Amino acid sequence: MQVLLFITGEDVKLFYHVKELQYHAKPERPDPIFAKQLQEILGGQFGEISVALQYLFQGWAVRGNGKYKDLLMDTGAEELAHIEMLATMIARLLDGAPVGDLETAAKDPVIGAILGGMNPQHAIVSGLGAMPADSVGNKWTADYIIASGNLLADFRANLNSESQGRLQAVRLYESTNDRGVKDMLSWLIARDTMHQNQWIAAIKELEAKENVVVPSTFPNHLEKREVSYTLFNYSAGNESATGRWANGPSMDGEGQFNFVENPVPYGNKPKLKPAPPYIHDTLPAVIKGQSGKIPPSMY
Amino acid sequence: MQVLLFITGEDVKLFYHVKELQYHAKPERPDPIFAKQLQEILGGQFGEISVALQYLFQGWAVRGNGKYKDLLMDTGAEELAHIEMLATMIARLLDGAPVGDLETAAKDPVIGAILGGMNPQHAIVSGLGAMPADSVGNKWTADYIIASGNLLADFRANLNSESQGRLQAVRLYESTNDRGVKDMLSWLIARDTMHQNQWIAAIKELEAKENVVVPSTFPNHLEKREVSYTLFNYSAGNESATGRWANGPSMDGEGQFNFVENPVPYGNKPKLKPAPPYIHDTLPAVIKGQSGKIPPSMY
Amino acid sequence: MQVLLFITGEDVKLFYHVKELQYHAKPERPDPIFAKQLQEILGGQFGEISVALQYLFQGWAVRGNGKYKDLLMDTGAEELAHIEMLATMIARLLDGAPVGDLETAAKDPVIGAILGGMNPQHAIVSGLGAMPADSVGNKWTADYIIASGNLLADFRANLNSESQGRLQAVRLYESTNDRGVKDMLSWLIARDTMHQNQWIAAIKELEAKENVVVPSTFPNHLEKREVSYTLFNYSAGNESATGRWANGPSMDGEGQFNFVENPVPYGNKPKLKPAPPYIHDTLPAVIKGQSGKIPPSMY
Amino acid sequence: MQVLLFITGEDVKLFYHVKELQYHAKPERPDPIFAKQLQEILGGQFGEISVALQYLFQGWAVRGNGKYKDLLMDTGAEELAHIEMLATMIARLLDGAPVGDLETAAKDPVIGAILGGMNPQHAIVSGLGAMPADSVGNKWTADYIIASGNLLADFRANLNSESQGRLQAVRLYESTNDRGVKDMLSWLIARDTMHQNQWIAAIKELEAKENVVVPSTFPNHLEKREVSYTLFNYSAGNESATGRWANGPSMDGEGQFNFVENPVPYGNKPKLKPAPPYIHDTLPAVIKGQSGKIPPSMY
Amino acid sequence: MQVLLFITGEDVKLFYHVKELQYHAKPERPDPIFAKQLQEILGGQFGEISVALQYLFQGWAVRGNGKYKDLLMDTGAEELAHIEMLATMIARLLDGAPVGDLETAAKDPVIGAILGGMNPQHAIVSGLGAMPADSVGNKWTADYIIASGNLLADFRANLNSESQGRLQAVRLYESTNDRGVKDMLSWLIARDTMHQNQWIAAIKELEAKENVVVPSTFPNHLEKREVSYTLFNYSAGNESATGRWANGPSMDGEGQFNFVENPVPYGNKPKLKPAPPYIHDTLPAVIKGQSGKIPPSMY
Amino acid sequence: MQVLLFITGEDVKLFYHVKELQYHAKPERPDPIFAKQLQEILGGQFGEISVALQYLFQGWAVRGNGKYKDLLMDTGAEELAHIEMLATMIARLLDGAPVGDLETAAKDPVIGAILGGMNPQHAIVSGLGAMPADSVGNKWTADYIIASGNLLADFRANLNSESQGRLQAVRLYESTNDRGVKDMLSWLIARDTMHQNQWIAAIKELEAKENVVVPSTFPNHLEKREVSYTLFNYSAGNESATGRWANGPSMDGEGQFNFVENPVPYGNKPKLKPAPPYIHDTLPAVIKGQSGKIPPSMY
């Protein structure tokens, strides 16, 4: 890598891809079963596709620029590089993956285990490439991502994503004996450590500016304040009454937690009006238990 | 409501439903357009179905009992009651909703606005009932919910859900002039205030016990510590270098944040091995730019 | 249509398509808003794609041939023809559909209503063709269909499909003033009348052979017979105690309905065992409310 | 369970959860493969989430109260308790589930079978908890549920759900040797027996009031009566002509079934008009087989 | 097959089903693992359901009739017959499929491999029938299909479908030792050969009429011609500069390819305006790094 | 942009983001209705998310490096920049978007049109930001993308994507009067012109190396050659017989096209064997029309 890529700012590209990986992604040996499992942190609910697109969409939506937007773009771009590392690792875990049917499986227990345990789409669909899917084969969906325009809300989403993501990476670390895979996971786990720390720092900063309830810009008096700090007991047993959330000042410092052991309903038994005839719901008479026969003249 | 429902513990039911609502759900007047919008907090990503099932699934998965499980069940059961309030409100907003085509729409601009702006499935599919769907009609999916077995991770998910949910409820509050709808929303917004406070309290308690990085049970030395507190600059501009997340001790107290302006790749340019012939990927020769013709003898 | 298509049985084709429609599909005038609504019975949960593929998949799965399989194939093939009728009608309702933005909409209230009320994908994606989607634009999914290999179960699914489908067609009939559309709907509604009658007839025949509980082949004594005919009261109020389902002989003739007003739990309070350490769930100590700090030696 | 939970009606809660299970949910021994299979009746198309939410949404939409609504709420609340039983059972079947890669699998055939046959998300994602997903890992979706506002239509949906659900529970009963699992399934199967009986009873009552075709409120003469009782032969072979559905009085008592062996089309060959130029569909000239070159002046 | 089905054109049916298969679909022996894999080309992204419905929807949308429409209907109807062949084959591969749990699996490695490797829904849900799903169990969705009203665009979609489809069929051919399965696949592979040839022929014909860029009807001068034939280098390394796509006349004959090694941005750094207060996004002050505290008077 | 970003190759980052846009994305004025429509080419089936991830996944899966991989990475990275342009444009079209209910809508027809025609999630969910969704609100899904490991197959997918994508961009260009939006679209349309040309060039090169049928590596003699070039007439009318695809040498130069007007089935009428009793499908006796009553002893 001796070439001079950018000489001056005039050469600024946009999204720009460099072929080197952020970190090594080389397993000791192929393992198509583990390739299937590893898909979880590539294309699952908290996989790298989710965090990459979540941070980018949050960043693109920031109204006004500054350090929060820059932080989102920095991290979003890094997660794209993580997708690439995982895609590379998975392709290598699939190197030379066998194909076959029951006859093949019956001949050799190890091949049989692979055929039963690998994702068949890794052979049939992607031709031994990684897929934008999770460890059971569900395709990635934007249902997984969150961007609301409110940074405190979204940084909490991000902290959750990095918490779930690191948890899954750690579980995968525990599931493999391959030192190459463990090495790459130790990198991703460390990055998740940073990202949890980073979002906590950003959250604390915003909470100091805005207080802790999102959105901070809704006037308190417009909400039903009498139940803003109340824990209602809707499950038998009152262990929950002993927690911090039921005692002492509320976390936003604007009220006192309290516990209601036997909550009563504040509303009435609802009764909905009949639907108009053109909707053809069950007739009111029938609901009441009477006959719903339409007079023959109607036919 | 004068009947004695439970005399002794022997009469303990399970999930038990009472017909009264937790709080009033009566609009001043029907409004099918707003009914469509209100679906967001019933059946959207952060609607009441999501929080109800998220808390219940987390609660059912707690290994061991105690106050956290009780808290999850209390709150999960309450969210079921919120679904019912919203379902009731939506049905009432749909009271007597008109149906029609362009001819109907052209005759009266207000009817026309309703026909264009309401969700057609409210008439055709549900017969003026609420649907398990969001404000554009996407059906609710369990892709929205999170339950990992790790309570600190999950309480962060919950804090995010209540933050996004309250934000959406507030936006809906701003969108309506109906005092009945506003009244109900002021209840839900207050409950979200409590639920944000409650999860913050629970998170703080767990963080005090476990420190802030999830999962806390993975030995530090197994991760690549040299990058555990580093912000890499992958987006032009270095505004992000000025944040707390790039300076001072890390939030977990176990390192120092640092900023790398010009990060270098730690990995090589990956080169994947060819696939076996039975996979029928593009041949290595073709990838290299040579002919891929198969000798006639192969046919 | 004077040509002789098939001379002898040797010319038997397979699925074979004839260009004529089963029935007319010509609206009086274009109406892009109604085109959007009509999508419901083409590509919605109970639209024609659903019944066509449901009947065909059930038919292909029949183990052994005979009249039930033939009936399924007859009806499945007819539903394919209904898809074509609806696709034709929708394309004609979209004839010359306008496109435009707010400026266009602001100029003419009727055009404005169309732009707001039509499905934008009818212009942008399908180029004024029908889409395999419902009235809010959700794409058709095989989640909608049912085929279990048990004909009594499946015919009940079919009866439901035709009931929901006719209900939706009737609601659409009520929503339009266009005589061409009403004419086509009156055909589809009549066919749904037949199909409801037909599945009822088939169900009665199977129930006479097998009794009413599916599957009939599971020996009674293996189920917990003491609760096979019991209505448990899990919702306050006991109006449900007055129904036929709580009194008299059960519908399968093998028991007596009964009502339990105050049901008690038969099971214990469950307590799950801790997860193994490699799963990294919250530690048992933490669940119990104790510290979850890992000794430094672990790091 | 000695505590007095409710003293008077004033203490009426809403949805209320009691920690005891409706019935035992304890396997003899862990079995992660069966845990995966059992997910089908928790989070599959006809699993307990589906029936719980289906009955609740139907109940909330009933316009007017009475015994049908009460029945729906009773049953919906019970199904919530069934979700809990299954979630508990699945968590216990996952107790101590192993994790690992090919190396682990190759060492011990039984561990290998578990690793290949279990759902990897049970370890990586849920941390040995049940998931809101089916036996292949598809997440639960509200596409599965039905609530139309027409009770006869919806009770048919319910009868189908309980038929498919009991069929699946029976198949799972046949698939396990574990007496604890069989015991729990024998409870669920019995409840499905009740629920089938119950919906049949309710359907019969409504049919007696409304006749059998849904919706009963659409005047007969508006449908194309000449084809309301006709079976068209669209599949070679006429075995279907011998069924009850092709002979004798129709099930609604308003017509005579008949069979048409060689049905003719009632409609013409459709020909759609060209799209406007701004839609950029293929030009009419090109469709006719002529050149579609645009004159250079257009560029 | 001695019966005379159609005597004259007056007997023309619509979609018509004949019970014979287009080609044999009989395996040498059951193989539930292969049944699962074979689902890919029945209900996967490029399975037979996809091509059948894609061609039919394209055909129904053709505005004007003629040879292209006829070709689409011919091929769409054939693909329905392919669904039937695959459904039949899969049902036979499932003949007598075992069910069981870990205990069953542990007793016999071959049964164990089947239980781990088969799709559990083939037993629990479909009762040994084929499902409208792919090889990992994702249900078929209309997200897979394409119909735009522009035939050149759509025939390119079709060529892609037949290319991906044949590739998958070939990979499955390589995966089985069963001569019956191979025989059926050799038929489907040959038909895909025809269908690729056929769409190439149709594409060449349309390209000759319209030139190669879709849509051909958009005047050139309205696009930003200065970048219509430019390859921008957004990935380090310039191997791509050596391809035909970066040198010589463009394929549409209307320009010259060129390569820009160091592309510069043509746009500015975007800065979005603040959202209105009723949206409750993060406040501009907070974005800028100032306090976001709302004055107490607001509460 | 005066800063020197990269001095030497040692500073090579990975995915790297620059804040300038590839091209301007500024509308003349806000238009929330058009913002909704524009979502189609951001998050729809052929939107920029689809092409970005499709090219990147194809690139990461290339086994061996070289110009094809480089081309994929160049283009994939560019599409990321297009997502950013569209996200920026959509946010600006949403500037100051109104919220409101029927009362608000009734007061001002233009506001009413906006409330009816805009995507409500743009206000409630994203806070006036772009969403990863299409023009009717369906969330983006990886079901849209294709990467098979076979470059000729995949480049055909790419050519289709760019054809559908340019068609949609052109339709949107026709739908707006805003010169700023038209300006940006004219850029995207030009880039799609390039990308169509580019994939055509790459396809021609691969076809020259491999011939036209994918995969080229499957020996001809293993497919059923007698039907490799045959058009079967499965739709009444034989206009399709007149096309190039039914006459003359096949496009792969290895056969002759031919047309079969009255195709016969090559397979038999399939008859499936009964399922084993533990599957509880309908009993063979019942299928045959006999009684399915189980002897009482079985209960």
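A, B, C, D, E and F are the chain letters, set down in written order, and residue numbers restart from 1 in every chain.
In this text, contacts are C-beta pairs under 8 Å (C-beta built on N, C-alpha and C of every residue); 3 or more make two chains touch, one makes a residue touch a chain.
These figures come from a predicted structure and were not determined experimentally.
Visitor: From the C-alpha centres, identify the chain that is farthest from subunit D.
Guide: F
Visitor: Could the interface between the copies subunit B and subunit E be described as same, meaning over half of its residue numbers are common to both, or is it different?
Guide: same
Visitor: Quick check: superposing subunit A onto subunit E on C-alpha atoms, how many degrees is the rotation, to the nearest 5?
Guide: Copies differ by a rotation of 120 degrees.
Visitor: With chain centres defined as C-alpha means, what is the inter-centre distance between subunit B and subunit F in Å?
Guide: Whole-Å distance between the two chain centres: 27.
Visitor: Could you grab the centroid distance between subunit A and subunit F? Build each centroid from C-alpha atoms only and quote it in angstrom.
Guide: So the centre of subunit A lies 24 Å away from the centre of subunit F.
Visitor: Would you pick out the residues of subunit A that each touch at least 2 other chains?
Guide: 5-6, 10, 12-22, 45, 61, 63, 65-67, 69, 73-74, 76-78, 81, 88, 91, 99, 109, 113, 116-117, 123, 125, 127-128, 136-139, 141, 143, 148-150, 152, 167, 170-171, 174-175, 215, 218, 233-237, 265, 269, 272-273, 275, 278-281
Visitor: In the complex, go through subunit A and note every residue touching subunit C.
Guide: It is residues 167, 170-171, 174-175, 278-280 of subunit A that touch subunit C.
Visitor: How about subunit F: which of its residues touch subunit A in the complex?
Guide: Contact set of subunit F toward subunit A: 1-10, 12-22, 43, 49, 53, 56-57, 60-61, 63, 65, 73-74, 76-78, 80-81, 83-84, 87-88, 91, 125-133, 139-143, 145, 147-150.
Visitor: Tell me, which parts of subunit B touch subunit A in their complex?
Guide: Checking each residue of subunit B against subunit A gives 12, 18-25, 45, 65-67, 69-71, 73-78, 81, 85, 88, 91-92, 95-96, 99, 123, 127-128, 141, 143-144, 146, 148, 150, 152-153, 156-157, 159-160, 163-164, 166-167, 170, 173, 186-187, 189-191, 193-194, 196-198, 200-202, 204-205, 212-215, 218, 222-240, 242-245, 250-252, 257, 265-270, 272-273, 275-276, 278-281.
Visitor: Quick check: in the complex, which residue numbers of subunit A touch subunit E?
Guide: Where subunit A meets subunit E, its residues are 5-6, 10-19, 61-69, 99-106, 109, 112-113, 115-117, 119-121, 123-125, 127, 136-139, 148-152, 206, 209-211, 215-221.
Visitor: In the complex formed with subunit E, which residues of subunit D make contact?
Guide: Touching subunit E: residues 31-34, 36-37, 40, 44-45, 109-110, 113-114, 116-117, 134-138, 167-168, 171-172, 174-178, 181, 233-237, 262-265, 269, 271-275, 277, 279-284, 286-294, 298-299 of subunit D.
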